[in-house]
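Same chain, two partners: subunit A is paired with subunit B first, then with subunit C.
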Partner chain A sequence: MNIFKGLINGMIAGATPILLAALGGTYTYYAGIFNIAMEGMMLAGAFGAVLGSYFFHSWLAGLLCAILGSTLLALIFILFAVVLKTDEFITGIALNLFAVGATTYLLRQIFAVKGAFSSPEILPIPRLHLAGLEKVPVLGEILSGQNLLVYLMLAALLLSVYVIFKTRFGLRLRAAGYNAPSLDSSGVRTAVIRVWALLICGVLCGLAGAYLSLGYVTLFSENMSAGRGWISLAAVILVNGNPWGIALISLLFGFTDGLGLWLQQSLPSQFTAMVPYLATLAALYFYSMRRKRLAR
Partner chain B sequence: MSVPFLAMQEILKIFPPAVVALDRVSVEFRPGEIHAVVGENGAGKSTLMKVLYGLEAANSGQIQLRGQAVQFHSPGQAIAAGIGMVHQEILLVQEYRVWENIVLGLEPAGWFGRLDERQALRSVQQKIDEFHFNLDPLARVGEISVAARQKVEILKLLYRNVAVLILDEPTAVLTPQEIPQLFAELRRLRAGGKTILFISHHLEEVLELSDRITVLRKGRQVATLETSATNQAELSRLMIGRELARPPRPAAAPPGQPVLEVEGLSYRDGAGRLRLQDLSLQVRAGEIVGVAGVEGNGQFELVNVLMGLNPPESGRLLVQGHDLTRAEILERRRRIAFVSQDRGRLGAAVRATITENALMTHHRLNPRFTRWRGWRLEARAALQFARRIETQFGVSMASPEQPFQSLSGGNQQKVILGRELLLETPFLLLDQPTRGLDVGSMEYVHELILTLRAEQRAILLISADLEELFRLSDRIVVLHRGRLVADLPAVSASLEQVGALMLEGKEHPDGPQAD
Partner chain C sequence: MGRKLISALLGVLIALALGALIMLLQGYNPLSTYAALFSFSLLGWSPLATTLRNAVPLILTGLSASVAFASGPVNLGQPGQLLMGALFATLGGLSLDLPPLVMIPVLLLLAMLGGAFWSGLAALARHWFNMDEFITTLMLNMIADYFTYWAISYPLYDAEAFSPMTPQIHRAGWLPEFGDFNSNVLVMLAAFGALWFLFNRLTAGYEWRLTGQNGLFARLGGVNIERNYLAVMLVTGALAGLAGGLVVMAGPHRFLKGLGANYAWDGVMIAVVANNGLVGTLLYGLFFSSLQTGALGMELITAVPGEFIQVLQAVIVLVVVAGRGRLDWLLERSLARQKARERAA
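Right after this comes the complex of A and B.
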């Protein structure tokens, strides 16, 4: 029972940052932006979260600074890829590299440490104990007592499904990706829609980053996003932007992430750390095989 | 009427550096009329409409709507003022349903920006009913015909309550059977008080549909006429500045040896569907064989298999006895000249210069154009070659170093024809060689094809234009669902006979049964 609970909680913990970032990526995916900067946005968010929480002694300030940090990257992306019309792929690569460099530099300048910074002054994002849910048999311990961001993630998932598929904004958002000239000729400026999509992506990646540095653990370490932004990109592309599919893949990734930790008892950690990425590659492989079969 | 409904006055448009696209053109449009704007390609029809619609800014001149001077900086402003345009290339979201496309940008919404689907559907259905458009608002745009998509474009403007509809060559994308329906719809719109501006270079259509006609030639307004007071001969004289030459077809010399031999050719596409089925065909020297068929019955696949873009499943392909069934494309190009229907995709690299496009294929087949075993281009020879095409085929260009896409459609096709004909191959594959060309250029291409026949070349001509096929071909073969269902001598075949074969794959019961 405890192993079961541990695996489930590990799965949720692993899935949360991936899903938050992937939901952000879903908006840009539908808006027709090839956005690979989730990795960098997440990292900037993680750094901003620690910075805000440490200096203001408030996890809420940490959350806001996380959003600020990743939105700053989103704004740079907007300036280059939307306004100046540079190549989205190159812009994304540049932003990801910039995020690693800038956060590492600031870590050393502000906190005078190398590698990682942790301090009791950093306040983590609290867990939420929901009185009603705690009493549910078996699942009570999983449903209640999760990190605030886990519940925010659920809300973001439901809200995104609604916004993308049921609202006026959603109709325009998807039109921007399907056929931008058509949207422009309908009197809606595609560029404006894309700016919004990137800003939303920035906010969600900020939350994902905050979860990494104030939820999962309470510290910032260099390059702590560790490829999760790329995994979230893979999740979005794998299921063609279907939010439910993205949730499923994020959970799968979270599960293998937890599995990796568990396997550390018997295998070197360098190998177990590969598990989630190997699982992603395997998923990509099976997915493309299935698509090939369907095309026949 | 003292104040004109919509007037364009002294519109001057210069494309830098010094191309005068519109030379002080003045036109008045009346409410509730169908006004055709005709002219050859490059005469300025589209530019004039784009200026009106706010897609291009005029250098000088004025637009007045109901006596008020207006100037649109974007199509959105034009639509808000009641002027909408349906473009040649249809701009719709294929993944969306019809109603979603129509309301996009002007959606009824409720709480929290929720799309009010019921309200949207009701408004769309109302417009469909009002003008008797036969259209299912719930159909997905990617799954409906091009004609239906055009209706969606028109409805999209009607939903925005425009008073003026500009249609840029609306019939170019339609099959002959679909055109009368469009015309009926346009007449209903006129009856509903809409003003329709109709760009075309098909004179029969213009004469049938319009109330008045404005003729442009080389950026100048030549005339604005009442349709009832003019005729085809006068219009074509105004358009091209000379009467159309329609000489009787020169009698064909008896054809010579078989050049193209296709035996039992079958082709299956990636999804496993049989697209060409046991196709056998011969084209002899000095003979033009026309391929008729409704689009999508195997013409595209036939071209791809002949050119080596797709491998056949079975069958043989011979040119002058050489087996090219599995040959490399370059090997084929020694014996097959090819004019593609899609100039921008297969026919040319539109962003490359005219010279580069003229030289393509030649630079691999003719050692004269390269040095160092083909690693370096002989620039001077290339330029001379482009000049030769310019003079020999009457291309009008500013410089051979200009990008290919700066040429008008007719001139682009002349460069491609020049390149292909100078390959001096025994066999020519012409896939819709006059598609999108104006009357003058079309005439030129037709004469060129007949000259080639006189030079004893073998020509396979694929065309959607039956008139063209009948005018040029010695024999007409009909493709239906990937099979050749008929092989008829053009002199004795009738238009009705070929039409029935195209549509049904067989002739009417009373006619002789063709296999």
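Right after this comes the complex of A and C.
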């Protein structure tokens, strides 16, 4: 029972940042933006979260600063890719490296440390105990007592499904990616839709980053996003942006993340750390095989 | 060429000015900082030699990215390929002990083999299973990172060391140094020359460029897309692997943790900012290396931390690439207006 609970909780912990960032990527995917800057946005968010929580002694401030940090990156993306029409791929690569450089630089400038910063003054994002759910047999311990961001993630998932498929904005969002010229000629400016998509992506990646640095740990370390932004991107591409598919894939990755921790009893940690990336490759393999079959 | 040079120089100057602005906001003196930066990397033989030596991995990974992007495949696996190249060279250097004249070429070949092996995995995944190399190479980067970390922590661990690293490779595998100048520059120049010839003068290179510019046209013209794809992936992987091998053979002579650092990602940025041109990659590689080499001096003399250079590099890339598009647009508009005026007159 305890192993089961540990695996489920590990799965949720691993899936949360990936799902949040991937939901952000969904918006830009539907808006027709090749956005590979999620990795950098997450990192900026993680740094902002620690910064805010440390200086204002409040996790809420941490959350807001996380969103601020990643939205700042989204704004730079908007400036270059949407306003100046620079290549999106190039902008994304440069922004990811900018995020690594800027957070390392600021880590040293503000906290005067190299590598990682941790302090008891950084307040973590609290866990939410829901009295009603705690009483549910078996599942109660899993449903209640999760991190606040886990519940926010669920809300974001449901909201995204609604916004993208049921609202006027969602229709325009999908039109921006599907056929930008006809959206423009219908009197809606594609550029504006794309700006909104990127801003939403910034907010969601900020939450993902906050979960990394204030969720199950309270520290910031250099390059702590460690490829999760890339995995989110892979998740978005694998299911063609479908939010439910993304949720499924994120849970799968979360599961392999937890599995990796569990495997550490018998394998060197370097191999268990590879598991989520291998799982991504496996998912890509099955996706390609399915596409091949469908094409036939 | 003139227009490109002007837009590149303008872009770099604007980026440096933006960097100066950031420094001013933080209360540093930008002029003395830049003076310290470039005097530490360019003034005198020894700084120049260090800059050249540090430029080698940047240029080689940059060339790898340039050739890949210009020929079509989105090979973003340079970081992993560099690590695997370094690992293969280290393995060879630890187990072989030949005369230097044989040893060095063998290790270089091993390094290229290591890189090509890693990019070949991605290429085969694409060839057999139609898996997008954009994601596979990225995932293989992380896997190579952990794999090499394991290799230097357990099987190849140097028992006398305090952190994960291998013992030093045999002396015969060390690249010779001439005073301050390391001969890794010569290897890089040879690779550059060979690549330039292949890319610009041979049929294969012509087909690669053609495929990169218009895959459909190339296919209709009878180019074997699949074979060229595999060739490009292997060649670009070998280049990144060579970079890794040279880092080991020229520098610490062993595989340390964090050996690749940011070389390979910087190489990708260099390729991007050079618009996938080979000569441009060489020049920007030298420029970025002068920034990175000077960062140490900047940190010693002024109070600006060396990490600032990473920020500056990203700013340079964004400004130069965005500026290139804008400038072209402005020039074309003014040309069109001139023409319109002539017609009207």
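Here, the second predicted complex is superposed on the first by the 296 of 296 C-alpha atoms of A that agree within 3 Å, B and C clash if a C-alpha of one lies under 4 Å from a C-alpha of the other, contacts with A are read in each partner's own complex, and residues count from 1 in each chain.
In this section, a contact is a pair of C-beta atoms (placed from the backbone, for glycine too) under 8 Å apart; a residue touches a chain by one contact, two chains touch by 3 or more.
It should be emphasised that the depicted structure is a prediction, and the values quoted were computed from it without experimental measurement.
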> Of subunit B and subunit C, which one touches more residues of subunit A?
Replying inline: C
> First (subunit B), second (subunit C), both or neither: which does A:9 touch?
Replying inline: neither
> Which of the two partners, first being subunit B and second being subunit C, lies in contact with A:100: first, second, both, or neither?
Replying inline: second
>> Which partner chains sit in contact with A:168 here, subunit B, subunit C, both or neither? Use first/second/both/neither.
In response: first
> In the superposed arrangement, does A:144 touch subunit B (first), subunit C (second), both or neither?
Replying inline: neither
>> Please report the subunit A residues shared by its interface with subunit B and its interface with subunit C.
In response: none
> Along subunit B, where are the residues that touch subunit A in the complex?
Replying inline: 75-76, 79, 87, 91-96, 100-101, 104-107, 109, 112-115, 156, 270-272
>> Going by the contact rule set out above, which residues of subunit A touch subunit C in the complex?
In response: 76, 80, 84-87, 90-91, 93-95, 97-98, 100-102, 104-105, 108-109, 226-227, 230, 233-234, 237, 268, 270-271, 273-274, 277-278, 280-281, 284-285, 288-289, 291-292
>> Residue numbers of subunit C touching subunit A in their complex, please.
In response: 26, 125, 129-132, 135-136, 138-143, 146-147, 149-150, 153-154, 262, 265-266, 268-269, 272, 305, 307-311, 313-315, 317-318, 321-322, 325-326
> Can you list the residues on subunit A that touch subunit B in the complex?
Replying inline: 163, 166-172, 174-175, 178-179, 181-183, 185-188, 295-296
